[in-house]
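Structures incoming, each one as structure tokens.
Both of the next two complexes hold chain A, though its partner changes from chain B to chain C.
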Partner chain A sequence: MSREEGSGYRDVPGPADDTGALVSMPEGLERAHPSVPELQARFDEAFLRHEVVAGDEHVVFVAPDRIYPVLEWLKTDPDQAYNFLSDLTAVDFGGGRPIQIVYQLYSIPHRHVLRVKAEVPLTDLEVESVVPIWSAANWLEREVYDMFGVRFRNHPDLRRILMPEVYAEGHPLRKDFPLRGRFSRAEQTRRALAQAPEDYYVPSDFGPGRDFQVVGWQEVGGEPVPVKEVATKGKAPQPSEDGSSGAASGDRTSS
Partner chain B sequence: MSKKTIELEVSRTPEMGMDFRPAPGPMQPVDLAEPDLRAEKMLINVGPQHPATHGVLRLVLELDGETVVRCLPHIGYLHSSFEKLGEYRTWNQVIPLTDRMDYLAPLIYNCAYAMAVEKLMGVEVTERCKVTRVIMMELDRVFSHLLWLGTWAIDVGAFTPFLYAFQEREKVYKLHEAYTGARITTSATRIGGMMADMPQGWDVGVRKFINELPRTMDEIESLLSHNAIHIGRTQGVGVIGAEDAIDMGLSGPNLRATGVPYDVRKDRPYYDYETYEFEVPIGEYGDCYDRYMVRLEEIRQSCRILHQALDRLPDGPMNVDDPRVILPSKTDLMNDMESMIHHFKLVMEGVKAPPGESHFSVEGSKGELGMYVVSDGGSKPVRWRVRPPSFVNLAAIPKLVEGGLLADVIMVNASLDIVLGEIDR
Partner chain C sequence: MSDKPIIRETPGASGSGLPGGIFGEGTPTFLTTKVDFVVNWARRNSLWPMPFGTACCAIEMMASAASNNDLARFGMERMSFSPRQADVLICAGRVPYKLAPVLRRIWDQMPQPKWAVSMGACASSGGVFDAYSMVQGIDTIIPVDVYVPGCPPRPEALIYGLIMIQEKIRGESLGQHSRHRAEDPADVGRPRADAAEVTALSGPFGNSTNQNRASGLVPGIPTVRPGDRIP
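Coming up: the complex of A and B.
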């Protein structure tokens, strides 16, 4: 459809609800997309609303707890065949509004574009991972987790990707995150200089059976410290006689 | 008397020579456990400071002998938080950030961003601007592929193609500089047009460049395409099938090398790409050699598009006549109250995009480059997201190198054509 029949700039009614997106839709466009009517019929309870933005871009809002079956159907149904996950990202509008997870889908066989969104409240930032549907989601979901703090259930390897793993200032693309970070410049410099290269150059990325692995991070005296588990042939790390435990869990001992 | 002395005494037999070395005789069995190295896996770390990683990419490789068992990429060393910075800048001020992402094809990023914002605003740019942007994007596709070709040749061990490619690349640098004043950080586009009309004779320079380029390409091709070492290093290396490639989200030449003819210019044409005559080269086997061949052919096809675009370059204004986005002329500004108000508002507040969002994809040199802009009606974006083609392509590298040889990791990485400025953003 061309821009003439769509909502150009001048006839746009303006921001409707908190999301800043447009809700009032020109007549007839809701049926123009080849996938939306069937999606609505099939997932009636999960289908929240349908918008057309920027003239010809169709956006479907889906309940976050039903996002996986909806996307799986869009991928596997031969009439839809959205086999190419073009993009997966999130939008934070600030002011405590829910974060939108954006799935930009493309169907290479049918040449259809569809954007699916799920809104997750800040109190429960969790959705199902779509890595089983598209492998491309692996790094994209890691980036969303890194930048927005959205957790993806059943993701195979949900770690920070762009920020360092010891990064303790939060999730940078959230609106409540200040541009220069949460810590002072002096504190950031101190932390950068205090980082031990071993934290990055150990074979911690590899699973059990290695020499040791980082099992998590904890704050010790305000410092993020990797908790390393020494895997010595199935034997749990034993605390030594002087009270300090073998693993880096110094805050629990009281010597 | 210690045990050692006794052993020495015992072992000192008449057969010993003057230098106390035992005379040659039957070997005694040594009771030393031979370490079984076959089960030992070795971890090696490639990068982040390594010339063949094309930036600051770090790969942790688990090796069994010379075979890669696991590959773990680490990125983020060049993270510059462009997307966060963009939220603190006006719509036009974001443009300098875009070319710093992919500094190998900056004009494509400039154009893609401007096109996304224009789509959001409902601004239709002029014909001359459209053709100019097509010229710029195709020029930078050649520009980026030439760098890829040079570094690819270096990685395979051939030095000469690198020099040839960079000699040609220097001409594009000069064209960049002639148009925008900068060699890499071009910042050429504005919302609704370009920073300036093209300088006198610039299109002649472009035509001269594309007339000379095919000869250099022939020379480079004669050095590589039928070279036994090059073929041996690249054919059957880093193979990925079409299904897997789509599943991993590969795009651009990496996807087309697997035989999937997905090109945004053909599938979702923008800027009248459907009226240009060009072909989309596809590969057959999805290996490194196919990715090489696809990119070589893309350079030639881009030259075809450039010829057609230069032929049809229309006269007329470069910038759209829309007071919302483009400053009025100085004459209007001094004589017309309306123009002065527009000028004041544009300078003081910047361009204002209506509430809404837009996701616009172009075919970048590395793959599908998407720009997602979200506005709340203000003069700054609420969210500016780049769909990074290299980032998604690089995510496939474990699949491509696992099971292969260590030496092939370098070739696979070179064949993916990544740029870390855009991966880390």
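Coming up: the complex of A and C.
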């Protein structure tokens, strides 16, 4: 594999030998990241530390209570313009260590990559939602909430996304979660068959334009049931003159 | 002429004059065996599969229906994407617990008589996915007639499994079928078996028995064995 000439990435070290181990850049030869010094100067109290891993991947650790202004500045400042959120995920290293929330950013205008991390302690798994900055964070934050139990303040629709809505065994990707779950297989099977998916999802859930919002939860027969509020604004099927497109959109939203 | 009757009269039989009625229990008679033969011949040569493909097994299932292997040669003329018109459910691929009620409802929607094929290691036993999210064999959800091993099975294996279904139909009798496969509406949406049987069916086996999350990576967390879990 040869790198393209003139791409500016020829000096990035690759695997040194057959062992596949990555060689870290010698001290002082690391290429400075264009955003990191400015970020450090601007958010001195929130800037915790800076690491370079795997050769040239810059990681910035930010205080979790200041993550929103830092990311907002990275998105809106014209010199940074990280307008593409590649990924938002979390890592649990186990042993009671804090959970790392990872924001993988890409700046399409400047072609810069930056990884921002926030470490939240297991006792206080809460961080500000970045959905107002990048809409792409919506489902990613729901996934982190589902798998790790991290709550995102001011998220528009924070509920489970992968596991069933009535899942009661916890957050599966946490290191203290047993591999096969907390309940026996018989109990898991019973609960799986007792769930009523149509109570929690409508067909439009899987396409653009949900026609209801979950505004709260209530207890019915010992099981949590969402309280839904139908959002009719602009969602009602508008029959066209010949009625064909109106019937089609009516099919999509009826459950 | 012999006075041995062809059809034996049984006292107390129903008005048909046959033991236990035309399709009833008792010794198979000339009439019922012939009816069985004709009905079974029709059934086994027009099996419409309901494809429930969730993973890589579904690719092999599609290959089975395509020109090279041509499932239509054996009467599976048409993949029935509506369970109401299907005869045999082919569950091809892994089934997570979130999908279990969907699989169960599709099975409940299929009209009698119906058969089920569990295609591949994941559908039959959970396969390598011995984890919190995965059904450990769809026989905890629905009754299964034929298990096709493989990861994924080749189209030949699936066709062999469906021929085994045909052989099973050949040996069936109408009375038998309605007796063995009668459905109780109260069972809809419930596990197929009781808790002890589901646990026995879906327990870890082989090398999987000694594997768990707390395998030295996380100090201080006790090992969770399957027997330690909350019932």
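Basically, the second predicted complex is superposed on the first by the 165 of 255 C-alpha atoms of A that agree within 3 Å, B and C clash if a C-alpha of one lies under 4 Å from a C-alpha of the other, contacts with A are read in each partner's own complex, and residues count from 1 in each chain.
Here is the rule we go by: a contact is a pair of C-beta atoms (placed from the backbone, for glycine too) under 8 Å apart; a residue touches a chain by one contact, two chains touch by 3 or more.
These numbers come from a predicted model, not from an experiment.
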item	value
First, second, both or neither for A:164, with chain B first and chain C second	both
Partner chain in contact with A:172 - chain B first, chain C second, else both or neither	both
First, second, both or neither for A:54, with chain B first and chain C second	first
Chain B versus chain C as contact partner of A:195, first or second or both or neither	second
Touching partner for A:87 - first (chain B), second (chain C), both, neither	first
Partner chain in contact with A:134 - chain B first, chain C second, else both or neither	first
Touching partner for A:126 - first (chain B), second (chain C), both, neither	neither
Touched partner set for A:115, first chain B, second chain C, both or neither	first
Touched partner set for A:79, first chain B, second chain C, both or neither	neither
Footprint overlap on chain A, where chain B in one structure and chain C in the other make contact	94, 163-164, 172, 177, 179
Touch list for chain B against partner chain A, complex	43, 45, 60, 62, 70, 72, 74-76, 79, 81, 83-85, 88, 119-124, 244, 246-249, 251, 260, 262, 267-268, 354-359, 361, 368, 370, 372, 374-377, 382-383, 385, 387, 391-392, 394-395, 424-425
Of chain A, residues touching chain C in the complex	94-96, 163-164, 169, 172, 175-197
Chain B-facing residues of chain A, complex	3, 8-10, 12, 14-15, 20-22, 53-55, 57, 59, 83-87, 89, 91-94, 102, 104, 108, 111, 113, 115, 134-136, 138-140, 143, 147, 160-164, 172-173, 177, 179, 200-201, 203, 205-206
Contact set on chain C toward chain A in their complex	97-98, 100-102, 104, 130-133, 135-136, 140-141, 189-191, 194-196, 198-199, 202-204, 211-214, 217-221, 224, 226, 229-231
